[in-house]
Every structure is written in structure tokens, then in C-alpha cells.
Amino acid sequence: MSAEKDRVAEFSAFRQRMNERILAEDNQVVRRFFALDTQTYKAGALEVKTKEMLGLVASMVLRCDDCISYHIAQCKEVGVTRDEFFEVFSVGLVVGGSIVIPHLRRAVDFLDRLEGGAASEQAEGCGKHA
Amino acid sequence: MSAEKDRVAEFSAFRQRMNERILAEDNQVVRRFFALDTQTYKAGALEVKTKEMLGLVASMVLRCDDCISYHIAQCKEVGVTRDEFFEVFSVGLVVGGSIVIPHLRRAVDFLDRLEGGAASEQAEGCGKHA
Amino acid sequence: MSAEKDRVAEFSAFRQRMNERILAEDNQVVRRFFALDTQTYKAGALEVKTKEMLGLVASMVLRCDDCISYHIAQCKEVGVTRDEFFEVFSVGLVVGGSIVIPHLRRAVDFLDRLEGGAASEQAEGCGKHA
Amino acid sequence: MSAEKDRVAEFSAFRQRMNERILAEDNQVVRRFFALDTQTYKAGALEVKTKEMLGLVASMVLRCDDCISYHIAQCKEVGVTRDEFFEVFSVGLVVGGSIVIPHLRRAVDFLDRLEGGAASEQAEGCGKHA
Amino acid sequence: MSAEKDRVAEFSAFRQRMNERILAEDNQVVRRFFALDTQTYKAGALEVKTKEMLGLVASMVLRCDDCISYHIAQCKEVGVTRDEFFEVFSVGLVVGGSIVIPHLRRAVDFLDRLEGGAASEQAEGCGKHA
Amino acid sequence: MSAEKDRVAEFSAFRQRMNERILAEDNQVVRRFFALDTQTYKAGALEVKTKEMLGLVASMVLRCDDCISYHIAQCKEVGVTRDEFFEVFSVGLVVGGSIVIPHLRRAVDFLDRLEGGAASEQAEGCGKHA
């Protein structure tokens, strides 16, 4: 568990550090893309909760563990319940097919840890979700 | 416009006829998949409107015109507004990138026609969305 | 129906003409790739029938109508039965998800026409499968 | 040929009209994305020609006919030669695999027409490239 | 080697535990999808061996290491030979392109270990295949 | 840092060993594909530098960390500058969307290490880029 926590902290630090390096570059297209990405999930005609669920299902069918974890964390913060999460997962699974299953397992594991239940004992190799 | 309408009707008939042929086959996996697909979008912890928007954004990032049109029609029926549609589109566009743009153009054209505004005068080749 | 047949013939001619143009170019990588593609489906440890079914399912999950039609025609020639086709389709559908369904409809329509049953009356826009 | 030209003109008009409709919407994320997309291909550390070839190969491996045609036209304008085009195609083909071949055929057909050589006689269904 | 074995065992335990957690959720769509996934590979008009090879090539072109390893293990159990494996791989490689190569390397490494030959000495980060 | 270096060396050795095993197999299609892959990036109408940037952007939009790292290393060797790298990245990001961001972070981290600047302190799980 503590090796796991170190890994999560390590990845968060990596993410933070790399974002800073990327935004420090003198490339306006990249910087604007990052700003636009943030703007996309702000409340508008749709509330933040809906938009984050949209981001989550899009990440599932495109099968990106990092993105899935990020949107799960955001969804959790704005009150998505476990039953709601599983309905988002069910859409992702049916649209995207069984190829989504390995990502679903890692998504549920990440959600479990966020909820403080059934803490994962797997060291989780990629450090992708945290 | 009337050539366009014929094409839409033609495609709807094609879709209906092929679904019937597929479901008439003695293949239980395929039939169960179709049943599951229908079940996925029923109201549950999330309402139908949210689930259809999830189906729509998933279809956009996976770039399937038929699926996009189908979910736009379903969304329209359960009251998704034009502003809400564009916010779903914005998530699909930012997550999926500029490669989504041609599908966005066809999606907006389809939505326009559903709304009876700015009727498309393009014959639309693929007959995919209708 | 005769408009349909013209379209099929038109597409076959297009395919043939473009392949010839591509192979006439002085680009060795492209020409070798085409040769390698042909070699891939020759009998070896696996028979042609199995290899063509592998090509078909790969085309389904990658959602390319042209490739699906091509491999359906090849499979048909080496004796894949309708029940076997639907089992290949079922693997493609479950692995690839509901996003595969529009391609499945066009695949079954193409197979129907090959088998001379339930001839499609749809004009089929893309001319992709034939 | 004249049916073909009408179709090309029709599609160009469609593209133009839909872009205008999309940009007229009150959705800042979508509008900014379109602006960013334009900015991406401006000369910088890399010249326009190189950037357009990058856009072309990315479109090929993601298999979007509209995007491929668009970048072929842009590349042609900034002087990409036929041999250079085929080398870009060869990278797209080898990285993306045989699933790219149907798009390659349409790409070469589009390039042929741009170059005024071997004009296509195919009606081209999708109206995607032009 | 023993660190490797621990990692494989760890991943198998993770997979088993997460599947159980997922199936214990009160989400019928997800549970039915898992049941359907199992049913897909049962003997029918095609034998299990053929279906597992179909699952394998589909996983390769969609580039999912977990799924590739799973189907390699299933194929091995029903008697797919090394030469047959490489012919499945060759279809996946040619259809999917060079982007499949990193997955092919991990697939061959996994197969080597299953066959007890040339045991991998790489720690294998992701714990995905085992 | 030394754990990091060991991991990089470990992965390079893995890559080298697996390539040798694959090429030692009696499968001509696979061996020819590897040869063709090498041939693709040789100087021709386009110089090596351009071709490697094409390979890099194609790998980014298809989201393969191994391939991205490989082409970054090749690009670096033939003189691609940091500003040029970021322009290639910007094309990949805009075409492929925000789903590319996690790969961009790992790409920049890899580039940083190649350039000897801002050495990564992350253990990097997958061992994919190095």
C-alpha cells in the first residue's frame, strides 16, 4: 500500500512537472490547446457534472487510462455516484466493445481507491491512474 | 430537397430492413448484443437524456456518422437543446481533435435538418445520417 | 437494382484502375507493401479460409467497409458458410462494440447480394462495398 | 466528368456553408478550436510545406478521406511533388497498415484530378474528397 | 525471473479480483456484456481454436496488450502452434501496420514464456501480459 | 536516476532481443514487413529528417509511446531542434485531440532526457520510452 501511494504521488508530480515544462515552451498552439481543454469542461448550457461524464466516456472508448483516471477524479469531486459511474462505464463498454474491459478494470480499481474501499494491492505497473 | 428526402427515407428503410435480417439469423451472440445495446440507454441512475449525450460524444470521438446521426435524433427527442448539442460537440472536438471536424459538419447539417432550419441542399453522398 | 449493379461495376473498375496507377508509380515501399499484402493471405500453417476470416474480423473492428467487403468476397470463394460468417461477425461485434453495427449492416447486405438472396434496393451511396 | 465536377463543387459549397454555420454558433470552444486548427499550419520553426505533409500523414493513419483531400490540396499549393506525395503515402501505409489502402486509392485519385492527369470517371459516392 | 513471476501472479490476482468486483455491482448491462463476451468464444459453426485466433488478431490490430495476452493463452490451450501464431501475427501486422510492432514484441515475449523457452528477463513494467 | 537508467537499458535490451527472436522465426511476411519498415525512412524525394518527423506525428496521433520515443530519438539524431519538435507535437495534438496529451507529456519527458536537461525523476512504469 505505501509503495502504491508513493507511486500515485510520483505520477501526480510527473504530471504536474511535465505540464509546467510544456506550458513553459514558446509554442502558442500547444499552450492554447491546453487552455482550450480546460475551458471545455466549464459550466455552460450543460453543468460540469455532465461534461465530466462526457469526457469520461470519450476517454473510455478511446482507451486512455490517464484520461479515464483524470475524469473519474473530476466526476467524483462534482458528485457522480457509484451507480452513475457504472452507467457511464456501461455506455463506454457497449459502444467500445470488449477491448475496453482492461481499462474498465483499472477504472474500477481507481474508483475503489478514491472511495477508500477495497484498496488495491496491485503495484499497477504503469502509474497511469492516480 | 426531395432527392434528399428520398435518400433519407431510403436509408431509414435500409437500416430497418438490415436490422430485421440480422435479428432473424440464428446467432444468439449477435441478437443478445443488439438487445444489450437497446438496454444500455434506458433510464437508470442516469436519465435517458444524459445517456444519449454519452452515446453521442462516444460516437463523435470514434467518428461514426451513422451512430452520430442516430444519437442526435434520440437526443433531440428527449429535449437536448441546440446550445447543449454544441457543448457535447465541443467535448467531442477537443477530446478527439480536428479529425472530428468533417463529422461535426455532417452532424450540424443533420441537426439543422431535424430542426427544420437551414435545410441542406447537399445530396450528401453516403446516406449515412438520416 | 440496375443502378446498383452499375455502381458495383463502377467501383470495381475504380479499384482496379487505382491499384494499377499506384503500382505504376516509382515508389518501391508502396509496391512492396502491396505485394506483401497479397502474400499474407496465402496458405501456410493456416489455410486460406482461416486467414481470410482473420482479415475479415480485423477489418470489422477497424471499421473499413471496403476491406470488409473485400474479405467477405474472398471468404465466400473459399467456402465460408453463412453461419460461419455470423460467428466471425459476432467476434467483431463483441470485441469492437456497437460502433461496428453500421458496418455489420452493410456487411450483411453485401453478403446477401453475393448469395443472391434479399437483393438490396438501397443505392448505397459510398460504393464502398462491391 | 461533369457530374463529377458538380459533385466536387457541391461538396466545397457544403464544407463552406457548414463551417460558416458552425462558426456562427455561440460556442467559444468550438470557434477557438477552428482558429487553433488554422494557426497550427502557419510557418514557424517548420515551413508550411512540412507542416502540411505532417497533417497529411496524420490524416492517412487516422483514415479520414476529407482530411486527406484537404491536406493534399494544401500540399499541392505549396509545391509538394508527386514523388514526395508518394513518400508521404508510403509512411502512412507502413505505419497504418493495409487498412489505409482504400484511403490511398481515393487519395491518389484526388491527386490525379488535381494534377489534371488521368481524370477519374468514378462518381465517387461520398463526395468526401474535393 | 522470480520478480517477473511475482508480477505475473500479481496481475492475474488483480484481474480476477477486479472482475469479481465488477460483476458484483448492480449493473445489468455490464454483467450481461461480460456473459456475452464469454459466450462469443464457445464452439459453434466455428471451432474454439478459430474463434480464439479471431479474438487474437482483433486484439492485435486494436493494440491492447492485455487482450492479446489473454487470447494467446487461450489459443495455446487449444493447440495453436508457434507457426500458426506467427501467421496470425503476420495478418495483424500487415492489416494494422508498424504501429503494431511494439505489441508484437510483447506478444512474442509472452508466448516464449508460455512455451517455457527463452524466458524473458525484462521486468515488463505494465504487468499487462500474464 | 540510476534505477531509471537501468530501466532504459533494460528496455533497449528487451527491444533488441525480441526483434532478433522475431526475425529468427521462419515467417517471411513478418520478416519482410520489418525490412520494409526500415526502408520506409531512407532518404528519397524527402530527406530522412522529414520522414522521421512524419513517423513521429503518425505515432502521436495513433498514440503509441514506444513508437513516439523511437522516432524522437531518430529525429534528434538527424538534427530536429526543440522548436521543431514542438511544432510536430502541435500538429499531433490538434489533429489527434486532448487524448494525445498523456503521450505528449511522456514524449517531452523523453526528449528532456535525450537533451540532458531536466532529467526525469519518475520511475516511469512502462519502460516504454527509452
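Chains: A, B, C, D, E and F, in written order; residue numbering restarts at 1 for each.
Simple rule for what comes next: a residue touches a chain if its C-beta (ideal position, glycine included) is under 8 Å from a C-beta of that chain, and two chains touch if they have at least 3 such contacts.
Small disclaimer: the values here were computed from a predicted structure and weren't measured.
Q: Looking at the contacts, which chains touch chain B and chain D alike?
A: Looking at chain D and chain B together, the chains touching each of them are A, C, E, F.
Q: Where centres are the averaged C-alpha coordinates, which chain has the largest centre distance to chain D?
A: Farthest by centroid: E.
Q: Can you report the angle of the rotation that maps chain A onto chain C, using C-alpha atoms only, to the nearest 5 degrees?
A: In short, 180 degrees.
Q: Does the chain A and chain E pair touch with the same residues on each side or with different residues, judged by whether over half of the numbers are shared?
A: Looking at both copies, the contact residues mostly diverge.
Q: Taking each chain's centre as its mean C-alpha position, how far apart are chain E and chain F in Å?
A: Centre separation, chain E to chain F: 25 Å.
Q: From the C-alpha centre of chain A to that of chain B, how far is it in Å?
A: Taking the mean C-alpha position of each chain, the two centres sit 26 Å apart.
Q: At what distance in angstrom does the C-alpha mean of chain E lie from that of chain D?
A: 37
Q: What parts of chain C, by residue number, touch at least two of the other chains?
A: In chain C, residues 29, 33, 36-37, 40, 58-59, 61-62, 67, 83, 86-87, 90, 93-96, 98-99, 124-126 touch at least two other chains, as defined above.
Q: Among line, ring, star, complete and other, which best matches the way these chains touch?
A: Here the contact pattern is complete, since every chain touches every other one.
Q: Across the complex, what residues on chain C touch chain E?
A: 36-37, 40-41, 44-46, 50-51, 53-55, 57-62, 67, 81, 83-84, 86-88, 90-92, 94-96
Q: Along chain B, where are the residues that touch chain E in the complex?
A: 28-29, 32-33, 36, 39-40
Q: Touching chain F in the complex: which residues of chain A?
A: So the residues of chain A touching chain F come out as 7, 10-11, 13-15, 18-19, 21-22, 25-27, 29-30, 33-34, 37, 40, 58-59, 62, 64, 66-67, 124-128.
Q: Which residues of chain D touch chain C in the complex?
A: My answer: residues 63, 82-83, 86-87, 89-90, 93-94, 98-99, 101-102, 104-106, 108-109, 112, 118, 120, 122-126.
Q: Applying the document's contact rule, which stretches of chain B touch chain F when the two form their complex?
A: 61, 93-100
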